[in-house]
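This report concerns only the one structure given below.
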């Protein structure tokens, strides 16, 4: 089956700034593709080009078989967008915004009313339906923005940072609704800079940095691809000697050892489940008392760091 | 004084807007003033062009002094208000500072326009004019205090906007800014009654009296409007301080 | 196509009535102009004007109707400017409708909003000045609607070309003052022409007043209701040209400029 979205050399330049740099990416029908990257990575610009709001400088994409340059009107009939910042005039009420959107998307009268009510109830916004947007909190506005696409149930939903400014309970509710939207048949592109969100929701994750696509695969494959991706932190009772650090480095599975504190060592290694018992035996034999041990798998942050040399937070700080 | 200085500085950040508004002022003189004066009966107003130009200065001063109320809402919206309330300044100093700042910046803004209108009017009686200028200062502070009082009292930008619109429509049109008192009284005695007790009328009449140009002076005794303006200033400064003191910390801005 | 345009009309009309406070402010201003300023002016205006129109109130009421139409039809521009600053236009551009439908819908709704606001003012005119016959009434409505479309287009063209609300308001002020004061809204066109002939008013401004669609529309209503000033159907051409130019340029500007980032 051909991909539902095929992006080919998609490029956008704003003056001298290359916002999206020859992006090539495919999105399969029915999947949730996480588009991960720090602020300024080019995620939103890519989205705006896909929904035909801004024109590419170079390259193109086909959406549901329609070229975004040649058939923008057809493309818009297939797509629904949840923008990063809620796009609504603040004099309008919640109900007006969602109901009007459903109307423009061609939902028949009865079905429209039913769906609007259903979605607003699911998002806990029904009792706020008569309130003007300016009277809503940032998180509530974000929910109204999301409600538009949930009511629309488009063939392709593009969701840009759906849980920014939303509280923890709200986040889980939104994640469930995004999964339900996928289960109902929508293909979803989920742009986010929240690693956990991308990890738990996405079938595949595409990591963008400085307008370029670094890598795209399932979260598991991405994590497994990192050599020394498993992390073990060993808290010792006494300061670690140079000899012990040397012994640890001698294990062939151990890629690197960092001394975080005099008594705390962080080991980057492979096959954590096999090597940890060996390490513990060695420490016991050498009479090195261990206070605690903590093991973790690599996260998407580690994947990002692996490809860029920066954590997402660092990338955001330096503004790249 | 620091509070007043801050308000004056803020106002002059809108350079572009100030320049363009000055151009509007001139275009109102050149277009409306010039053409409308051809339509006016010289027996009623001997020199309507000069009469209108002087009235326009006062209308502009009024609009500029009202502006401080909108700033207060903007501050409430962006949370700057909480910052101002947290400063080591008493509430009375704050409201007085803001009232003076609002009035002063309006006066500074209208200053060049008043100079331009004096040039158009073409006559000045220096002593009278200084007295008139003093009364315009008080008028400007009074309007600014009124704007702050209403803004803090109703705490809703929508209601404030409409109230200011209605007030502007009535207070300016039911004044002697655009037409002499005797004409207003002839047209409608109720209108005349209101125009007779209107601070805009007092300011406009005193300004015309300050020019010393007989064709546009409609005032026999400048003392009465002067007392009126002092009363207007005192009332709104006093009420402003009292209301500001009572209402400012309650929150509930819409 | 029609369905999407109707949806846009609904969107913009609904928003129009949400600015109820702004509308009340505008109405107060208009009523104060008519029932205070115009009545007082009656007692100052020269005999010639009074003789021709009986009183200044009767002269001014049609002009006020046209300025009310202007101000309310212009409001769509403020909204579109605000949409642009808050990037709401990204949402509008992402909707499943063509750019042309979007542009036509916005211009039309701006014009319709002007007509809705202007209706009570026009009715006031009829009540105080007398009712026109059916053909005159239809002509008035048609011409005012065309004018409203042109104004709506002009405001949209300005809105999408100005980056901040401050600049939009400034540009709006310049347009208001120039078109209001250089027209026969407040004073008879003959006065402006007379000043021009005496060399006291620049001929460019006299020409502007003559071809100003606000003059044409005001004088057309005056002619139908008061029988004066002389009115030629050719002056309707002014309104037609104004409307055509700004409706087309608004559609073009709206599509071209808001797609740019």
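Just so it is clear, A, B and C label the chains in written order, and each chain counts residues from 1 on its own.
One rule holds for everything that comes next: a contact is a pair of C-beta atoms (placed from the backbone, for glycine too) under 8 Å apart; a residue touches a chain by one contact, two chains touch by 3 or more.
Nothing here was measured: the structure is a model prediction, and the numbers come from that model.
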Moving only to chains each one touches, count the minimum steps from subunit A until you reach subunit B. 2
Among all other chains, pick the one whose mean CA position is farthest from the mean CA position of subunit C. A
Counting only C-beta pairs in contact, which pair of chains has the most of them? B-C
Which chain is in the middle, if each chain's centre is the mean of its C-alpha atoms? C
Just how far, in Å, is the C-alpha centre of subunit B from the one of subunit A? 56
Let me have the rounded angstrom distance from the C-alpha centre of subunit A over to the C-alpha centre of subunit C, please. 49
So how far apart, in whole Å, are subunit B and subunit C when each is placed at the average of its C-alpha atoms? 29
The subunit B residues in contact with subunit C across the complex are 14, 16-17, 20-21, 23-24, 27-28, 31-32, 34-36, 38-41, 44-45, 48, 158-159, 161-162, 164-166, 168-170, 173-174, 178-179, 183-184, 186-188, 191
Subunit C touches which residues of subunit A in the complex? 14, 48, 51-55, 73, 76-77, 79, 81, 83, 85, 87-89, 91-92, 96, 100, 103-106, 132
Complex interface listing, subunit C residues touching subunit B: 21-22, 24-26, 28-29, 31-33, 36-37, 39-47, 49, 166-167, 169-170, 173-174, 177-178, 181-182, 186-188, 191-192, 194-195, 200-201, 205
So in the complex, which bits of subunit C are touching subunit A? 4, 7, 10-11, 14-15, 18-19, 79, 82-83, 86-88, 90-91, 93-98, 259-261
